[in-house]
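Next, two complexes with chain A in common: one pairs it with chain B, the other with chain C.
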Partner chain A sequence: MSASLQDPSLTVPAPPKGEPRGSIGIARNLGLVIALVVLCIVGVVTAGDRFASTDNVLTILRLATVTGIVAVGMTFVITGGGIDLSVGAIVALSSVWATTTGTQAMADNIGWVAMVFSAILVGAACGAINGLLVAYGRIVPFIATLAMLASARGLAEVIADRKTQIIRNQGFTDFFAAEPLGIPVIVIIFALVTVAGWFLLNRTTFGRRTFAVGGNPEAARLAGIKVQRHTVYLYTLLGTTCGIAAVMLMSRTTTGSSTHGTLLELDVIAAVVIGGTLLSGGRGTIIGTLFGVLIFMTLTNVFTLNNLSTSTQNVAKGVIIVIAVLLQQRIANRKT
Partner chain B sequence: MSHPSAPLLEMRGIVKKFPGVRALDGVDLVVRAGEVHCLLGQNGAGKSTLIKVLAGAHGVDEGTILWEGEPVSFANPQAALATGIATIYQELDLVDGLSVADNIYLGHESARGGITRDATMNRKARELLARLGHSEIRPTREVGSLSAAGKQIVSMARALSRDARIIVMDEPSAVLDPDEVDGLFRVVDDLRASGTAVIYISHRLDEIRRIGDRLTVLKDGATVAGDLSAKDTPTAELITLMTGRTVSSVYPRRTIPLPATAPVLSVDGLARVGEFSDISFDLRPGEIIGLAGLVGAGRSEIVETIYGARRASAGSVTVDGRALRNGSVDTAVRAGLGLCPEERKSQGLILDDAVYRNVSLASISRFSRFGVSTDDAEKQAAHEAARSVDIRPDAPERIIRTLSGGNQQKAVLARWLLRSCKVLLLDEPTRGVDVGARAEIYALIRQLADSGVALLVVSSDIDEVLGLSDRILVIADGAVVHDGPSEAIDAGGVLDRIIASHEHTASPTEQKGEVA
Partner chain C sequence: MSTTHPRRRRAYAVAGAFAAATLVLGACTNSSSDDDTSASVTKSNTDNDKSGDKVVIGFSAPAADHGWMGAITKAAVAQADKYDDVELKVAEGTNDVNLQISQVETFINDKVDAIVLLPFDGAAMTSVARKAMDAGITVINVDREFDSPFAARTTVLGDNYGMGVSAGTFVCEDAKGAKDKVVTEIAGIDSLPLTQERSKGFKDALKSCGLDVDNRVAAEFTVESGEEAASNLLQAAPKIDYLWNHDDDQGVGVLAAIKNANRDEFTMIGGAGSADVMDAIKAGNSVLKATVVYPSTQAADGVKLARLLVQNKSMSDLAEIEVPRQLKLAAPVVTKDNVDTYLPSAFRS
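The block that comes next holds the complex of A and B.
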């Protein structure tokens, strides 16, 4: 038994400092890199310069912002052993709340950030409710967030009266339409959220405890971690990213609508899972999630450039999910 | 070694109730600084609950806890850790996805403004691991990739990292090999010398004699003796204290002669490439055959192949004259075979389900009409079966996870009783079962045999195999090296035959060890 513990590296007591739990390891993400490269090759072959242009790359990234930002939050919740089905509904409610005539009037008075803040606040509040229901109400996450899905979208419809709300505030549209150094602001925000998420998950006590809470909640509790409170934080964090994503969607469409983010939860969860985050909790990677999102968006883009229908895209998405997960398992098995 | 100092920890009249049971019913425990205090008791005596109370994972319903003479309460794990009690759990409470250092410092990470200082933690973790004599475990390694023993070391490093005044060790040696146990004892000695108290829980009397200063004996949730000398108290006295009776004849002898009937199970030339070869024997109704051998000799593989859980590469299994389909558990069960697997928790039980459902699991079809189960009949029959094997507490609705090892094993036996099977395969029937409950299981096995069930028993405890069975097959390296009546051979003879069959065998000392 002790033989298995023998490790030649014991004579070299200088491990790479702070190796981040393999979340950045090339091997672990190899399947994803391959998938993305293959997609890009298909794109170049079938669509040529229409695919391989700066404009098209920016289009992909712009489309990726909403799914991508929510996926960062979702990575935390899934790593922490939960799931959230209500993200699309929260995005809709946030977008509606932030674009009512009331909020827009307030924005005209004190500045457009009022709209941004109200979207984020609404998102965070919905997330906190999810977290409280799961942690203290002891409702299974699947059910608690299913309830939130129904009620948040319902509330959005009530508030918007099922009408699309047009954003009239010029400051808001101007700010988010800007492209400093040729890069759209919303893409920059996406990048910032991703980097912040990576840092939070891999370099802070909060992140460390997220792995523990998802991997072995009893061990976490016995180690003195307040598991319930942490769970509330995780869902609130995800709600916050939903609020930010709502702002991205509002700026892209210049509307708030109760139909925004329909079925967003499926894309987000799929992206997180094909990225390598375990649905059972305890293992998660922001880098993987980023790849998952990019793969999905590039796929959509390649299909659109080739004039293929959304239905075909959905079939391909399903296939991609299965292939990516199979590849990941294959690689993970080879390593152990 | 005597310590006249005032007690560091004093627990008086501790009562902890769970729905329907008093898990702790009057526990007294006095621990002084700088002593190794052993806690002895059967499974189900309340040791695990007591540990959870000490760790702040369970609150107490009655009783007082004094820390250095001052009343304290451990409302949550943080409070217990802050007071100075760290616990090494038996069920390794580690997070697989995190690194070794992260696990050691989980909950008290070295961080500045919430940002972890990995380099510091890795360095300190390396020092702790070196102190435990395991500098080969890299702090950055993922805990999930470590062996059970490696994980145990990490658990210990974690407890040490807390700078605790009392360290509770729950069967720390269970997954360690002899060298590693020596290392563990060195650490315990260091801790004692530095004034730290250790509460040491173990089934193994020899360890308690070696390392312990004083001991407390628990039985049925209450302290039956405290402040005994760990070194000098006679073994017989300890066993009597733990079980409440004197252990004389543990193995019930055959009382009715074996009827001369045709074999119910015939195994002929059974083999699996790379695991075992040419296994043949006949088992008659009412007969008990024991498979003896070292861990890894292929015993479990043989049993699982007979049961159809593995596909044989050659040979046949015949029940009542009809050959079983190779590799089909379904046929085996329908022919009347039952298996109590070695890994009770992962292979034998649905841990979060009620006792009666676990008992009725193999007979569900009997209690259903057109696939719809009739719960009442099922519950009643399962309850009767559970009673006949004396599962305690007598509460069929209880979640089986909360039962002691011995009672869980009885539930598995009850399952096959209910199904009234003809041949029962028992793989390590007393693993994780304490002395008292062991005797009950032995009696139960004998009772089954007397009622005409044929039994095949596998055990690493050679005395157990010899004591239980009518006939013994000694297995070494996947082959039968001896076959004969069990009266005609003793434990030494069995070991001799194993050793003779291959020179570089594992050390035979592994075979003895546990109390009784």
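The block that comes next holds the complex of A and C.
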């Protein structure tokens, strides 16, 4: 019993795969690397030094922090066989809750960390509610998180009275605007979250259970995994990353607003999917997700540098998503 | 079988504690603009328009998802094209503040001379605008105000409060002292300070003649939201005397709802001043009797001012040497009597 808990794949018929190790996996990540390199070459050719400068790379990375951090959490939920449409709304609610005059007054008394904790706690709480609804309420993730999408953004609007709340706390803005060794703090946090996410998914029992739950919940249950509890953990983890992303957005905009993170869920899910995480669950990769985010953000940057319209950019995004999913299906079919 | 718990409580997931008690809900803070002196922009046909030093201007605005916003960008580009010494770099419009911030960061990286910025959310764009100013770039803030005076050299604003006042005053004059008129209002996006100011101006003007807003709904500047809001409003108010709609683009939807409901007992006043609405006012065969102009040439003025500032010129019709810190454009009421004056500069939805 305990042996199977440690490694559920022993008793699960189709062993769930972690970070791709076989030749197919390398090929897929190679595909993402090639895509990113091609984009970079396009960037250098069309924009030259404007693209290939440190400042510009940092601009891309700063832009990527919000989507990227949420995408790490989303990788867990999708790998675990779920989906979460409410991430943008949770980011909005967290940012609003952490910037009310009440929270800001508290931050003035006990330090700006209070705002960070508020954002993360609100995010985690929303995630936990999502998880409870999905796991114990037996509501399909699509519907449960759709409900959260509506109510979290609604609550954000109620709390903020649909106004933009400005962060007055200088300590908060100074800390996150800092650039130790030339690297912005928010980019460092993005890197830490990504590394932590990679470790948690690929090097811990928690990660192995996530693959098992997403790959075959029934088999996972028979292997002694508390599927329902694990599902709650996954959504809570995603909520937590939403809270962290809210802090990133708060530092970038120095505001909390109920309009923050509008349609963020689409960018996040798209990045996770083109990264190679299967929407049906059971297979997920943090490194792929990171590439997915970087590909989208670099694409945006190249379009911006060349004054091209976001409309064509969206067409390009759509094409990339379709190609990625088609490739995924090929790989999935070849495997079985 | 599945419900037996072996009680292995190892902490796998992050964050389990709900310290909700430490989270305090408070009232919200908000940046509100203060009223400053008004000034009107005149077409300068002076030496100022003569070619000077090359000026590179970065331009960023929200997504052109409705007529007025589209006209803003078009007018700015057209203005820049008139000068052979201006190079305008137009970043594609976006309603994502995170992306708009990165556009401004790109302008800073590119070391442009000036940035004309119409923020999706003024407060949210303040810190990056400040960064641009610190980098020695002249920032012109258009329409939606930053919350710090250090974030822009000059601000060009429409008079949102004045729009409300103009609309309210028109209602008061038309009502001729009657106190029992039913006045309704369809606002734009409520979270924007500009909407709040418009509504406040409308309310204040109505108050001066003893009227008040009986029904108020908010739409989102889109045709679809205008239709939805108007349908609800018409249901809520069986008889209306006056209807002020903040925005002519959402007004297309508002008019559709009015038509569907077969209502024509009231006078409708528009906002922003689209050419379609002005055509309707001119024709005089609909509920539309007036609209309040909210100039779609603000960003074009921003481009002109950015050029003056970078080239160290002054505004020709002012005695003052320096370009003013703020320009607030007027919000005139367009009726059948003066529609021909405003129609040429109106925007097409």
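Here, the second predicted complex is superposed on the first by the 299 of 336 C-alpha atoms of A that agree within 3 Å, B and C clash if a C-alpha of one lies under 4 Å from a C-alpha of the other, contacts with A are read in each partner's own complex, and residues count from 1 in each chain.
Convention: a contact is a pair of C-beta atoms (placed from the backbone, for glycine too) under 8 Å apart; a residue touches a chain by one contact, two chains touch by 3 or more.
Note that the structure is predicted; figures quoted are calculated from it, not measured.
Peer 1: Tell me which of chain B and chain C touches more residues of chain A.
Peer 2: Touching more of chain A: C.
Peer 1: In the superposed arrangement, does A:125 touch chain B (first), chain C (second), both or neither?
Peer 2: second
Peer 1: Give one of first, second, both or neither to describe whether A:159 is in contact with chain B, with chain C, with both, or with none.
Peer 2: The second partner, chain C, only.
Peer 1: After superposition on the shared chain, which partner residues are touched by A:249: those of chain B (first), chain C (second), both, or neither?
Peer 2: Touch status of A:249: second partner only.
Peer 1: Is A:187 touching anything from chain B or chain C once the two structures are fitted on A? First, second, both or neither.
Peer 2: neither
Peer 1: Under the stated touch criterion, which partner chain does A:78 make contact with: chain B (first), chain C (second), both, or neither?
Peer 2: In the superposed model, A:78 contacts neither chain B nor chain C.
Peer 1: Which holds for A:91: it touches chain B only (first), chain C only (second), both, or neither?
Peer 2: After superposing on A, A:91 lies clear of both chain B and chain C.
Peer 1: Per the contact definition in the header, classify A:205: touching chain B only (first), chain C only (second), both, or neither.
Peer 2: A:205: touches chain B and chain C.
Peer 1: According to the stated criteria, A:221 is in contact with first (chain B), second (chain C), both, or neither; which is it?
Peer 2: The answer is both, since A:221 touches chain B and chain C.
Peer 1: So which bits of chain A does chain B touch that chain C touches too?
Peer 2: The answer is residues 5, 204-206, 209, 221, 224, 226 of chain A.
Peer 1: Inside the complex, what are the residues of chain A that reach chain C?
Peer 2: 5, 50, 53, 55-56, 59-60, 62-63, 66, 97, 99-106, 114, 117-118, 120-122, 124-125, 128, 157, 159-166, 168, 173, 177, 204-206, 209, 221, 224, 226, 230, 232-234, 236-237, 239-240, 249, 252-255, 257-260, 262-263, 300-301, 303-305, 307-311, 313
Peer 1: Flag every residue of chain A that touches chain B in the complex, lowest number first.
Peer 2: So the residues of chain A in touch with chain B come to 1-2, 4-7, 9-10, 13, 15-19, 21-22, 203-209, 211-212, 214-216, 218-226, 278, 282-283, 336.
Peer 1: Would you mind writing out the residues of chain C in touch with chain A in their complex?
Peer 2: Residues of chain C touching chain A: 2, 5-6, 8, 12-20, 22-31, 63, 89-99, 101-103, 105-106, 108-110, 120-128, 147, 189-191, 193, 196.
Peer 1: Hey, which residues of chain B end up touching chain A in the complex?
Peer 2: The touching residues are 55, 57, 76-78, 81, 87, 89, 93-99, 102, 106-109, 111, 114-116, 118-119, 122, 126, 134-140, 142, 145-147, 149-150, 158, 176-177, 179-180.
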